[in-house]
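Two complexes are shown next, each including subunit A; its partner changes from subunit B in the first to subunit C in the second.
Showing the complex of A and B:
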């Protein structure tokens, strides 16, 4: 075994955690697999576009949300440019969920968990659920009558499923921390993990076509040439 | 300005209600759009890359 530059790794270096991590990482995802320049022919379909569309929307969500967070509620409610960025954030979230749901439907009907891709499916499903929490806390962080209404509807919903004591959805500070730090970090980490798993295991191939019975051969008639 | 919005948002949302099913018209429209895009993504052929000469 050698390091990345072809130099043999000494026994002392083998005990270093950096060596262990590097060898595991490169073994699991060699560069040509991490950043491929070819995909199987069956990927040439519009249904495969919605995963990357979801990621593109997520980038806009995070970028616009960062600007909103830095400027604060008065800016996004009062200033014209603040309302514009508020609108970008909202519509990027709408596109994010729109693309993610179409991606989910596509992968469900492809059976995308086949061929050892169970973790890929699960990280995507959990990212979807965590993203719902991120959107919910976003609505609670608007600082308007809408957020108050949603908070008191949400409070009843959370209490009804027995988890109301863990969250105070009417507490702006608590919901804002969930919305701008904890849940975005969780969503981004899950999406990165999901994409790395897709790179490692590849895109799920289509279901095999149903075998068609061979055509019935006509019985040779009498007098036919032998 | 709200008055400059494409739709007048200064009223309660319209809802569809049929037996147990109740959903805002806006959500129904979004779901129908997602179904339409899903079907279109399957049916519309993906453009093929031209072969390099």
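Showing the complex of A and C:
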């Protein structure tokens, strides 16, 4: 066993928490798995584009949201350039959800949780639900008629199950904090976790073309599932 | 195409390493191309459609545009008959107002955490802030000193007469009647609202400068018909698929369709507990969505649907010849 520079790791060093974390991380996701330069040949459908499109749209959402956040919540109402960035933020969110929904349906039809990939599906599904919350608080933070009406309508569902006073949709300060910090952090963390799981367990293989043949298969050519 | 091709790329096991052929795959290049494409699409859509920004309704704009509706709402807040005055938790303790899921009321259990006394908060306290008006002071004192039955008689008579009210430069003129101090109080409140003072009074109160909580003014606004009519004109009502829509012709939160659809159909549409029932139903559906990999029947459904044959058609063509 050696460290990242090829130096042997001593028994004392192996006792270190840092060494333990590094060895676990590199063992689970070696560089060639984290950033692969090849994929199984079946990864050739257009449906695979929507996963990376979702991530790309999320980057645009976060970048445009950061600019809006840096200038403050009033900016986009009073400055043309602010309105422009708000437009980018809005449409990137629409693109994000469009790509994510197509990605989710695609993964459903692939049965993408097979082969020990249950957590990959679950992190993706939870990211979708948390993203809905992030978008909802964004609509509440617009400071226009939309926000007023959505807060008025949204309060009833939350009040009816007793959480309306803890998550008060008419409290701009609370909704803005959820929208610009808490929920985006949660979405990004879930997406990162999801992607790492995809890299670790690989892309789900196709369903068998015909009943599984007798076990005289070719030997595996890769050290891990792809 | 790279990597050694195995002669029989059949699928041995979903978790096993892929024994078939591999192709080159530039992950970083794909991400950069996707990023450029998404950013470009967002810019194009922004240039073509911009984003909606309908200005909010203020109490001032409401009181100026629809003074009759404002006064109807205000007198309802004063006598405790408005929608918010009878809402129940978390705003007040109205009996039997909380929604239930079967015998359980989570709304009731959570209690009154944002207390709103509509008469005090929306009418009496703001009127106390108006300076140098001795007649108003006397009216307020008379109203507060009167027994509840007399207060109700005054507000009832005022509510009854309001449809016949005329407005002269914003001042309400009602037919003669036994309104007691309610008429001068309402006239003063309308004047305060039309000047913009009630917006400030309800948002910041009298002891604060900074404020980000709009619960009180929003609930007051929403008690009136003016706010709802504006929403109806923008297809935002619950019966019009509600908050998944957005002002104008923008797509809005289309991803909320499954939440909104229940409000359009029975038994939810006419249920007094629709919000609670739909919230719980969506909670169950969301949990099922997350747990699909572990739900018998659902987890094997894609195999039977066979949509995957289209997704992996190149693979099956190669394998099956």
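In this section, the second predicted complex is superposed on the first by the 206 of 226 C-alpha atoms of A that agree within 3 Å, B and C clash if a C-alpha of one lies under 4 Å from a C-alpha of the other, contacts with A are read in each partner's own complex, and residues count from 1 in each chain.
Just so we're on the same page, a contact is a pair of C-beta atoms (placed from the backbone, for glycine too) under 8 Å apart; a residue touches a chain by one contact, two chains touch by 3 or more.
The structure presented is a predicted model; accordingly, all values stated were derived computationally and were not measured.
In the superposition on chain A, contact of A:159 is made with subunit C only, not with subunit B. By the touch criterion defined above, A:15 reaches neither subunit B nor subunit C. Contacts of A:118 after superposition: subunit C is touched, whereas subunit B is not reached. Look at A:102: by the touch rule set out above, it reaches subunit B but stays clear of subunit C. Touched residues of subunit A, counted separately for subunit B and subunit C, are more numerous for C. When the two complexes are superposed on chain A, the residues of subunit A that touch both subunit B and subunit C are 44-45, 47, 49, 94, 101, 106. Taken together, the subunit B residues at the contact with subunit A in this complex read 30, 33-34, 37-38, 40-42, 44, 46, 48.
Those residues of subunit A that touch subunit B in the shared complex are 44-47, 49-50, 94, 98, 101-102, 105-106.
Partner subunit A is touched in their complex by these residues of subunit C: 1-4, 6-28, 30-31, 34-35, 37-39, 41-43, 45-46, 49-57, 87, 89-90, 98-99, 101, 106-110, 113-114, 212-215, 218-219, 221-222, 227, 230-231, 234, 236, 238, 242-243, 246-247, 250-251, 253-256, 273, 275-276, 278-280, 286, 289-294, 299-300, 302-303, 305, 307-308, 311-316, 318-320.
Contact residues on subunit A toward subunit C in their complex (touch as defined above): 35-45, 47, 49, 52-53, 55-57, 59-60, 64, 76-77, 83-84, 86-92, 94-95, 97, 99, 101, 106, 108-111, 113-118, 121-122, 125-126, 129, 132, 135-136, 139, 142-154, 156-166, 168, 170-174, 176, 201-202, 204-210, 212-213, 215, 217-226.
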